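In the two complexes that follow, chain A is the common piece, with chain B as its partner first and chain C second.
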Partner chain A sequence: MSLTGRKPSEGARGPLLLRALALSVSGLLGTVIAFILLSGVEALVRGQGLGLLGAAWNPAGGKFGILTMIQCSLLLAFSSLCLGWFLSLGCCCALNGLAPRWAARGLLGLLTMMTAVPTVVYGFAAVFLLVPLIRDALGGTGFCWLTAGLLLALQGVPTMTFVMDGAVRSLAAETRLTATALGLSPVQHLSRVVLPLASRSLLSAAVLGLGRAVGDALLPTMLAGNAIRFAHSPLDSMRTLTAHISLVLSSDIGGGEHLSLLLAGALLLTFCAVFSLLARRLSQRARGARL
Partner chain B sequence: MKVKELVLSMLGWAALAIVSLGLAGLVGFLFIRGLPALNLRLLFGSTPAWDALLALRPVWDGIWPAAAGTLSLLAVTMVLVLVPGIACGVYLACFASPRERDWIGECVDVLAGIPSIVMGLFGLELIILLRRTFLPRGTTCLLLAAACLAILVLPVLVTATRSAVEALPRSLTLTADALGLSRAQAVRHLLLPAAGPGILGGVILVMGRAMEDTAVIMLTGAVANAGLPAGLTAKFEALPFKIYYTAAQYTSSEELARGFGTALLLLILSWTLILSARVLQRRLARRWEGVA
Partner chain C sequence: MKSLRKLSCLFVFLLAVASSVSAAPLDAFKDLEGTLDIAGGTAHIPVMTQAAQDIMTFNPKIRITVAGGGSGVGVKQVGEGLAGIGNTGRPLKPAEVEKYGLVTFPFAIDGVALAVHPANPVKALTKEQVVAIYSGAVTDWKDLGGEPGAINLYGREDGSGTRETFTDKLLGKAELAPTVNVVNSNGAMKTAIAQDKRAIGYVGIGHLDSSIAGVAIDGHVPSQENAASGDYPVVRDLFMNTKGEPTGLTAAFIDYIYSEPGAKIIEKSGYIPIPKGKK
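This part shows the complex of A and B:
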């Protein structure tokens, strides 16, 4: 037995079994990621001549382009993020001194409940509530970019708010005494001191929300109408990459449709991986800047 | 300069109003339409409850098969995910070297960001690959769906376990060292029991995630009409898929009413899960409050 009281077999690195499990978990995760990415590359190689990255979708003519879906995915994600981010910022301020305490507590409870609402339930309620509303008020079928964007924004609010709140709450606590001594009101304290200090975390919340918005499959499938074309107005129906994967249950394995699915999956994975890595860097740097 | 403050407080109040009204509208609508349908008939239809529960007679006009499918899916998923998830979380919190922590943490983060539909696609590709190689007769099934779900929720469990253990006060570890416990002994007898409620909270959160997910199972074996789950290698029904399917393909007003009832049921189940997870995690936090 060594001086530190550890049995040699256990060492500082933990029991062998635990170590093996942890390593195999990370190995498994790595394999999954590699598998999806490689499938995408394979689709690109085998699908030469099918115009996989083009704008034309015409299975009869042998064209399986997913460019329209990439455009729709990005449009939908960015538009819902814009709305959702401002809503989250507002909620975060309401939680941290803008609203009276009872309202803040209520909002916190509400947001916690919102994190648990299944996406499919949001989609179901919206199909029968929001879609008819938009159809009657603005025309069209109601299954459009606008409907999906609104719901996607609402769905993303709790996650983003909690990320923002984590940073804002501790920064506010650190600076409150000084700010009050300087005669700043709670709103001034937030807008002049806390929010500028928390800007990295606000950005990281946005990046995280973007990843979520790009990756959501059910709301676009249920609410966006699924027409394969470039979307120009908020009332246009659109098909995103995620909706494409959930809709095309093609049986022709190895055919053009199937290859387009693989490419869509790899693209989505790349987007989301980049976003979550970026969010991780940003929040790490935010933490480092404060210490 | 008052403009900035004015804009910010308007934004705050507007966000508060929009979010609460939006949620209240959707949930209220669901309650109004779903509550009348929420009864035993929703589950079992016209089949007597005991006959349905004992699988003596099939249920045609109720959601019992979907509920049973979701339950078995959850059970298999939890069996697959619990040990590796908790082990990996504990390892990261207690034993990993800084480099490993960075590296595995990065991997877990990337995977936590994977859209669930991509995980479904992974399952589909996996079974296609298996059909070409070892299992020429394999199809999408309960086991495949559970495996993909398990991979999907694994990062959540790892992160929850890790933060539950890391939230314990430092004095616990110091005490263990002072008493001459080895690191492994300290983890087994001191840290794990102390972090138990937090880990359990994480497990419940993961159950919620696995229960509500629709995108994975719709590519890996959920179908609209399968009856009770017939085994690990059979297709199955599930509550979220039932809701999704009803929204697009309902043919009668009874079917639609059943859809509303199902959506409400799923919502209530999810809320129950998250509330119990919160209670457990709060109990853990309160227990160690003020201990450095």
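This part shows the complex of A and C:
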């Protein structure tokens, strides 16, 4: 009696509190997003229309184009994502039966440790180890797309691996008996049953990785060279939108430079939003096809 | 309980004694309060903010704000009464002095040294060669008498005071090559040059040490002494400007910059202090 009597009130109170929380948090988030987007639009309007989206950056001549940085941001993010995603997939498979148990345990420990390493440590180590290596082996200055891409891929691996691992582990446990009964080897089980079932998580890991790769400011600033031009080869120096924001912000100037920052911020937000919407659409389609 | 209170009293007393002893030049701020806004040159910012912090810690009734904007903004803001002190990295133009009635206080010399890896044999360049390097006309060290190899260009971000001095005094109107790598501090520049045998870049003179080698320009060797004596050409003075003779908090702030601790702050920021009334 008392149980049935209490349940509705608790059930009503819990969701109410949760709903209020959800509303206030999403309201806050919405305000921030609206503010960033509005600033971006304002920058476009005040910055003589499409001048801010041009290729020329020359503050002395009144040109504040950020097109080169958009190209560099996208190139760097997608290249490091490709590399990082496949590395993560490999790590995830190794953790789930493809590697001997001791190796899997070691890998898990390593990945857990890597999540705790601040980005600046990767950047600093790379300046002293990877940059000279690339400079001596491949030429150029060593501060380039390749260096930044490698490090960005590396820093994204633990997060993506854990997202994949979460799904793969539980799906593997669910289907193991059936798969074994059907005579599938562990490798076949993983590659034919679990991974296809986990496609949604694999995709969301990619979106997460892409968001981090496009949004990371420190590694590109420290490692990519920051020259303002279109990057054509992996050894070219490049400046990403995030690096641009951190470089120009450090000297607090008004005018065209400032507007270009607002626009860069709005663009970064738009990129991330578009990626995650696309991924959601794709994963829905994937689920629909399977059902 | 009692002894704890006694102990804390003693501690507070000691703290008060210690701060009053160490802060003798700050005594001028003891009875002052109010707000001072500072705007203008970006190279000044580290000096201004450190001084402002010292003063505001000593007397919390004083509020000092420091903003950038560049020399032009500095003149405009102080002239129109929007800021108490307007900083410039160049002498005032006669028209500006006349229009606003500004009084100027040079307080530091900002020198910028061209630097290469210590193992690089090229230790002297002409101004024309520097322009050719940074505009991308010369791209190989062998054209400058060094070991053959591509020149790796390093520069500073837009708005950097170091970059401004370097560009104004050496490059003039020359367009920069798009291949210039950008770093965002003197420290990062030193790291980049110290590791890269084919690098060339520039740092504030105060940041030259054995890890990188300064390059003489037209025979003038970059050093603090040469910058102070006027022998080294890539220097500029940093100025504070006020509208009319400064009074009250503004005057006290300017005096603090010229004081012993002020000079220390200036040196720590990589500049050479100028004593009051000189020049």
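The definition used in the following text is that the second predicted complex is superposed on the first by the 238 of 291 C-alpha atoms of A that agree within 3 Å, B and C clash if a C-alpha of one lies under 4 Å from a C-alpha of the other, contacts with A are read in each partner's own complex, and residues count from 1 in each chain.
Throughout what follows, a contact is a pair of C-beta atoms (placed from the backbone, for glycine too) under 8 Å apart; a residue touches a chain by one contact, two chains touch by 3 or more.
Just so it is clear, the model here is predicted, and its values are computed rather than measured.
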Contacts of A:143 with chain B and chain C, given as first, second, both or neither: second
First (chain B), second (chain C), both or neither touched by A:127: both
Partner chain(s) touched by A:21 [first = chain B, second = chain C, both, neither]: first
Touched partner set for A:225, first chain B, second chain C, both or neither: second
Touching partner for A:239 - first (chain B), second (chain C), both, neither: second
Contact breadth on chain A, by residue count: chain C or chain B: B
Chain B/chain C common contact set on chain A: 127-128, 222, 246, 253
Contact footprint of chain A on chain C as seen in their complex: 42, 45, 67-70, 73, 150, 152, 157-160, 175, 178-184, 188, 191-192, 195-196, 199
Footprint of chain C on chain A - complex, ascending: 58-59, 127-128, 131-132, 135, 139-143, 221-222, 225-229, 237, 239, 246-248, 250-254, 257
Contact footprint of chain A on chain B as seen in their complex: 4-5, 8-9, 11-16, 18-20, 22-23, 25-27, 29-30, 33, 83-85, 87-88, 90-92, 94-97, 103-104, 106-122, 125-126, 128, 151, 154-155, 158, 180-184, 187, 208, 211-212, 214-215, 218-219, 240, 243-244, 246-248, 259-260, 263, 266-267, 270-271, 273-274, 278
Parts of chain A lying in touch with chain B, wherever the complex brings them together: 5-7, 10, 12-15, 17-19, 21-22, 24-26, 28-30, 32-33, 35-36, 39, 86-91, 93-94, 98-99, 103, 106-107, 110-130, 154, 157, 185, 187-188, 190-192, 195, 211, 214-218, 222, 242, 245-246, 249, 253, 261-262, 265, 268-269, 272-273, 275-277, 280
